[in-house]
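Each of the next two complexes has chain A plus one other chain: chain B in the first, chain C in the second.
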Partner chain A sequence: MNKPDSKNSILVIGAGIAGIEASLNLAAYGIKVYLVDDTPSIGGIMARLDKTFPTNDCSICIEAPKMYEVQKNANIEVLTNCEVRRVDGAAGNFRVRLVQKGRFVDSAKCKGCGKCVEVCPVTVPDEMDAKIGGTRKLIYIPFPQSVPNSYAIDNRCRYGKSKNEGACVGGCIIDCIQCRECPIAKCVKACKEEGADAVMLWQKDNTIDIEVKSIIVASGLEVFEPPTGFYGYGHYKNVITHLQFERLMNAGGPTQGDIVRPSDKSHPRKIAWIQCVGREKSCGIPYCSKVCCMVAAKQNIITKEHDESVETFVFYNNMKAYGKGFHEFYRRAMELGAKYIKGKPSDVIENSRTGSLAVRYEDIETGEVNEIEVDLLVLSAGLVPNSRNKKLAKTLKVAMDETGFFKENGSFGGDPLETCVKGIYLCGGAIGPADISESVTQAIAASLKAVLIK
Partner chain B sequence: MITDRFKETIRRCAQCGTCTAGCPTSEQGVFNIRRMVRTLQLDLHEDKEFLAKIPWLCTLCERCSVLCYEGLEIPKLVKALREHALKNGVKPEKAMMLLEAIRRAENPYTSKTRTKNTWHESVPGGVRMSPNADLLYWVGCTSAMMAPNIPKAAAGTLNNLGIEFKMLDNEPCCAEPLICFGLLDEAAKIASKILQKVRQAKVKRIVTSCSGCYYTFTRTYPEVLGVKFTDIEILHTSQLVGQGIKDGSGLAKAKKPLKVTYHDPCTLGRLSGIYDDPRKVIQAIEGVTLVEMPLIRELATCCGSGGGMWTYDYKTALEICAAKINREVVPLGVDAIVTSCPSCYLNFKRSLAKLKSSIKIYDLTELGGL
Partner chain C sequence: MSIKTGVFVCDCGTNIAGTVNVPEVAEYARKLDSVVFVNEGKWICSVDYLSKIKQFITEHKLDRVVVACCTPRTHEPTFKSALKEAGLNPHLLEFVSIREQCSWVHKADIAVATQKAKDLVRMGVSKSILLEPAEGIRIPVGKECLIIGGGIAGMTASLAVAEQGFKVILVEKSANLGGILGKLDMVAPANVPAEKIIAAKMEQIERHPNIRCCTDTVVEQIRGYIGNYNVKLTQKGAAEDIKVSTIIVATGMREIEPSGLFGYGKYPGIITQLQLEERLKNKQLGPVKTVAMINCVNSKNDERGCCSVGCLISVKNAMAIKELDKDVRVYIINRDLSLLCAEPDYLKSAVAQYDIKLLRYSEDKPPDVFKSEQGGKVVKTYDILLGRDIEIAADLIVLTAAFQGDETAGRMKELLKVSANRDNFFQEAHIKLRPLDFSTDGIYLCGCARSPKRLKDTVEEALGAALRAGIPMKRGYIESEGIVADINLEICSECGLCHKNCPFGAIELAGKQPFVIKAICKGCGICAANCPKEAINIIHFTNEQILAQVEAALSERPQEQIIAFCCHWCAMGAVDIAGVSRLQYPANIRIIRVMCAGRISESFVNKAFQLGAAGVLVAGCEFPTCHYITGNYKCKEKMERLKKKLAGKNIEDKRLRTAWLSAADGPKFAKTVREMVKDLGL
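Moving on, here comes the complex of A and B:
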């Protein structure tokens, strides 16, 4: 890697839609960008969603071209599976140590033929789609539009931890690192036969030292995982989160877009959403996550468009339709027949014979306590900070707020997007719950601030 | 002013209705806890009709506090409203009957004090008591007078396990009903008297088979009335037995295989946090299989007998219980329900009889002797 001028380089941490947008913007200013993500592909949550609100555009169709643009852009260096280990120096000259973990597949050589996946003997639950039946092999591609579009090998396989589950690797006297070829691994053999020879289980962690003038943190969000047993989540198979429902709707998801119940793969005739899950004192989210009301409206519209005879119910208490076109979007869901019920349910009991769920609630408008039986229950769980924020905050020496997001300097009109460290900026879900358009706007603003550092 | 004392609770209520949906009484269509708070939000609670009816329909099961978004402690507000009603000349007839009974005969069942101690006279072979024991078995009014099978079984279990105990000659009421009705001054006087009696008995531990008495002694006395049993450990029978269990030793085997479910009494479970000991006892008895209801532990639903409901509206109490049985117990296909509170026991017993159900109800202490 030839060392570019630190005065003209910027590091972007997190390659979701905010990090991607910031990188493209920086590259357009002629800046050398290091775009770092600790997962095997760029894209973030947006790449896994089905549609965006309030326009119902295909999510990956908007993001994928941006991802390819990032990959092609000569000014942007994409570093996946990569962590920020140490940051020294100050605005204008940060010295950063990055550690790129082994992917065990050479992205440059990989042709994406998929022969390695065919021969891999071990199937494991997918990180994102496990609850709705999603699986992958130990050698896998995170999703079809991944960038870099090459396979990656699960750490568990590489370090021999899956031998008992039937993995071909593991139990050798010497570690993979000492080999330059592997006579055991089926993926290595298959790849050689295809003439690519891209699989290299012996790949080492790679330490990269760079110098940049400023840093943009776009570490993003996670969807809150309701505690086991909460509204039956974790106990009852047909209680899922809105992200899992989104994956069910998605043609790129484990069911190829077929909305089916996890318990028996049947098509649900009645679906209910419960809003504000996670806001309860026992769950501990003290803020409104902003997007869930529109996510539920979107999922209702899409469900109705798939099959208008499916009955849908949304239990809400506080409708937040605050953005441009949001209220119309919510109205559209109602026009299509989604039944909005004001009232937060108390209990969910599964009918063990049918797998359907009895949801108990008070209809606030009448004061009556009712129960409805639905086939599938979706919990609109809130958005929480990225679980790796704490570690990152320590590395960057920037402050966090009490909820675990990064703290803006004098928020509410003070110094938006700025942290307590000069030269380190924030955008998107790193600051707090944000939808896609908000994240993009912030990314553009943050990139301009980062460029202006001398 | 109630609205000042509970300003935060009243202000923070978002009127989402979770409490009402999960409330045992609202199911019967006679009570809406969300509307009760709304009435306070609108400052309309001085209405005599409201005060005479609404606050008395709560079973004080505290399920709403667990379900509430904000964790608001609504039952405290209910108790305060009851106190407020009584102080303002609103005196519901049935509540007053109960209070009179406690004042006159030191028990809530309008009998004479004397009759409370007769249950052990009918035990064949008698109950073995040790005058020098440092353990006091506190029977409780409901067990002694309404469900004598419970103290009989409890005393029998203690005898079988070789645990020495004694009892008070004239055991008074623990005053829990008075506390439920917000009459704290009167309750505090009784509490001090009980403390004195227990001290005179020179015991180090009190064990009770009544969940209500247990909760009253461990939480209400110190936290609400400021009366503390210093140096005296208070235990529920399920704890004493559960913590002493080693592979079910000392516990009788069930005579025939029995499939049971366990009902968490509000006062022992949600209010005291004792969920595991009773289950441990059940699982230690050979031949007994435990099947759980869908809503258990802190989310367990109330049987309907608590908080004075039994006195105030007996019919509703039974209806709440019947609804629970039909919704949560019947689908399990169990032979029996086990609980560890005499009020729950009686309410289930009467509801099951009314439903003409073949399901049995047992107190935890009885289970070993079946």
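Moving on, here comes the complex of A and C:
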């Protein structure tokens, strides 16, 4: 590859749907794009969702083609497992140091055959699906449509960190660069036998220096993790978050789309959602996360589509059906029989014999105090800033707001998406709660600002 | 000239070779028509093997290449570039999936898997013989953009397009720029005067050498397509024809007059929020002691959704009233307050600082407005928190009315041949991933023309639309990949159905005669499948090619075979996931790939039954997802009609089945095949 012209290059940080859209638009504009993500695959949260509101499009069906486009595009250089370490310079000429962590599998050589997974002796809980029973091996593919579509090795495999769990190279302390000959590294051996020879346990971090004219921050957000014991979360197996429920619905999730409760894998007959989890004083989210009302409506609709006889309840306070087609979507959930109850439950008690949950609440509209027993309880937890924001803000020398999102410069709305540093722009979940459509719009708008830098 | 086909069969380590007898498949391929060269490779996608393929192409003068390996979804680009580098047109490649569709899913029996692999290769070769070279088709795109609507969206978009170095013609129907924002007093939640925002933009627009601003101007006519739009404008009666390459629609929205609701038009002193803005701007509230605002007027009901901005407007205006006169009592009678992100804090401080009263009603018990015996207006409302009726003697009642698309939107819809919803808000190409595009290339949309929204969101959309319009103008052309529709005018009966059916506006009529704007055509094939004369073909997925695959599949043991027509996106995605997940299903299925379920003609299905197929499976994207907008819907309708026709021919219902799959539906695909095989007694 020729050394790209820094005057025509842009760095995009974060490869969720916002970063992907920004990259595709910039590449189409003739810009050389560096798309970095600190996980082993591009795709972000959207790749893990089942459906998108308000149309119930299958999430991966509409995102995966974009991911392949990114991979195919000659103007986009995808750098996964990669962090931004240092940024110097100014708009028009930022000098950026990236550090790409070892994937320990050569994506160019890996054929995705999965022999390495078969032989890997250590099973660990999956990052996203652990609470609903999802597991993976230490060598794994993040999800079937991952880009790059090759395996990666968990850092826990190395330096004896998983020795006690039975990891085959548990004794290694340093990268001796002799793994290829190692008699006990099973994945290396299996891959060699398959003829691909793609596993490289000895891979080192790679430092990459690039020059770009502008930077787009699309680092996304996270789902709030309720504190242990909150509505029984963490203590009672059948209390889960909406993201975990989404994974249960998903044909690509650990249950292949079978909605079963974690305690006994039975099909729940009654499910309740509690909205605005995280807004409580003790949890400390000071803003409305705006998507959770529609997420709950979607999950009610899909639940009813799976099995219309399942009874569903939604405890809510203010219905935020604000976007195009949202109110109609919420009404659809009600038409299908979802019962919306205005009020916030005060307490949840588990029936230790059945694993079901007694939910006590006051119905604000009737003033009555009531109790219902459900088989599965879903906490519609808010959206919170990405835990890596602080580090990234420091590296980029841009400001964060008091809640931990990146701060937009200027407040009247005339110049959105700008930071206090000229040439660095924001989009999507980096700024605050946003749905997919808003993230995409902001990504394209931020791209416009980024291309205008001379 | 005879065709020389080269077949490359991959072992994929043991992934294929472990289940399929690859040498036997290679030997079989040698005997097939047109095949002059066959080679087996351990990994045919490896860099060194790819250079071998190039070498073989040159050495053996191959003019068709069939690869039998993994899946086109991941590896087609790899092999296409190899062909290109060997000087062969990349469209002369045919991909046969003997890993995902065979070795991974029929592990139990080597003989069965090997037989199926042979059949798949035979089908591939038979199609490859009929392949034609195709070229990317380009049309030039100039550097002029028409922006319709001079509100904040149009103004922002104009500046953003002009800054990229393109020429802008900004057309506004009224005498002034500013749109609905120009009617507002302050903008929430930052409390900046709207006038200030507009003035700043206006100054920039006047100064900008790339922007020509036409107020008092109406768009009369739009003809053409991206890169080639002819537009007729009239400015105070004077007509002008202009040529532009792209168009941004920023026509905004208007308040729906709440005639007959809550006493509006019946009693004096009942106004809308926009009318209140006028008073606030002039700092003239009038002799008012008590104001009652009623939210969700004409919205959140059976006809219409949430107006998106009314709650914020009501809080902002309540504060503004208090700023003018702190002794005025203000009530906001609302259904759920739809305030987002940090806006609940804005409400909280408004309530605390200005003592604004909030009352909450529900849809089934709306407030009632009537005259009291003393002659004053009274709002009676049931507050759900207090659980009782409250009466407010209000001298000003403000209705937070719903919105609909601008009055020009209906006509604009016709001029641009685009869709809009019941309220004349325009329909974007995809609500999630293409919010700023129309499905027709070259036309983009932003702001309240799409749906009501806040200033920040409007500005972001305008900036985004400016980049979307900028992309083809920057590149100077648009290009299709060569999979496009081709109309045989000798057969065409000029019925115009193709023009109507095309979801992308790619088929225009010259008089009654249709012609394809090939650079815009996406190759879905909806036109072809629905052409009553079968006068349309899709390059690379022609009728002849698909029928050749059907024939090849059914040339041996047809009574055991199920022909499956699968769309490239979700159905093939599901097939591949079934493969990756090693889901085992019966080997009776023979898959034929099309780009969209909308491509599947009745004649394909009929042919399969004629040749004795046990069954036919038609699989496309699950609803509502279709990568070509309407393809799966069209296909579903067609197959339902076809089922009725087949019943007349004594073909049992169970022999034709449809499946609507998501790209993650590997298990559902496998289950469908298992069920079908069982139902058909295979």
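Just a few scattered comments:
In the analysis below, the second predicted complex is superposed on the first by the 440 of 454 C-alpha atoms of A that agree within 3 Å, B and C clash if a C-alpha of one lies under 4 Å from a C-alpha of the other, contacts with A are read in each partner's own complex, and residues count from 1 in each chain.
Convention: contacts are C-beta pairs under 8 Å (C-beta built on N, C-alpha and C of every residue); 3 or more make two chains touch, one makes a residue touch a chain.
Keep in mind that this is a model prediction, so the values were computed, not measured.
Once the two complexes are overlaid through chain A, chain B and chain C fit side by side, free of any clash as defined at the top of the document.
By the touch criterion stated above, A:Asn318 is placed in contact with chain B and with chain C alike.
By the touch criterion defined above, A:Ala152 reaches neither chain B nor chain C.
Within the superposed three-chain arrangement, the count of touched residues of chain A is higher for C, of the candidates chain B and chain C.
Touch criterion met: A:Pro65 reaches chain C, while chain B stays clear of it.
In the superposition on chain A, A:Val398 makes contact with neither chain B nor chain C. In the superposition on chain A, A:Glu280 contacts chain B only, with no contact to chain C. Contacts of A:Asn25 after superposition: chain C is touched, whereas chain B is not reached.
Look at A:Leu452: by the touch rule set out above, it reaches chain C but stays clear of chain B.
Between chain B and chain C, the minimal CA-CA distance in the chain A superposition rounds to 6 Å.
Shared contact residues of chain A with chain B and chain C: 317-318, 342, 364, 367.
On chain B, the positions that touch chain A within their shared complex are 14-23, 26-27, 29, 32, 34-35, 66-71, 294-295, 299, 327-328, 331.
The residues of chain C lying in touch with chain A in their complex are 12-15, 42-43, 45-47, 70, 73-74, 77, 160, 163-164, 187, 190, 192, 197, 200, 299-300, 304-306, 308, 336-345, 362, 384-385, 387, 425, 430-436, 450-451, 454-457, 459-461, 463-464, 466-468, 470-471, 474-475, 569-570, 573, 577, 580-581, 621-622, 624-625, 627, 662-668. Interface residues of chain A facing chain B in the complex, by the touch rule stated above, are 229, 276, 279-282, 317-318, 342-347, 349-350, 352, 360-364, 367-369. Listed in rising order, the residues of chain A touching chain C in the complex are 17, 21, 25, 28-30, 52, 54-58, 60-66, 68, 72, 108-109, 111-113, 115, 144-145, 149, 194-196, 250-252, 256-257, 286-288, 290, 317-328, 342, 364-367, 411-414, 416-417, 432-433, 436-438, 440-442, 444-445, 447-449, 451-452.
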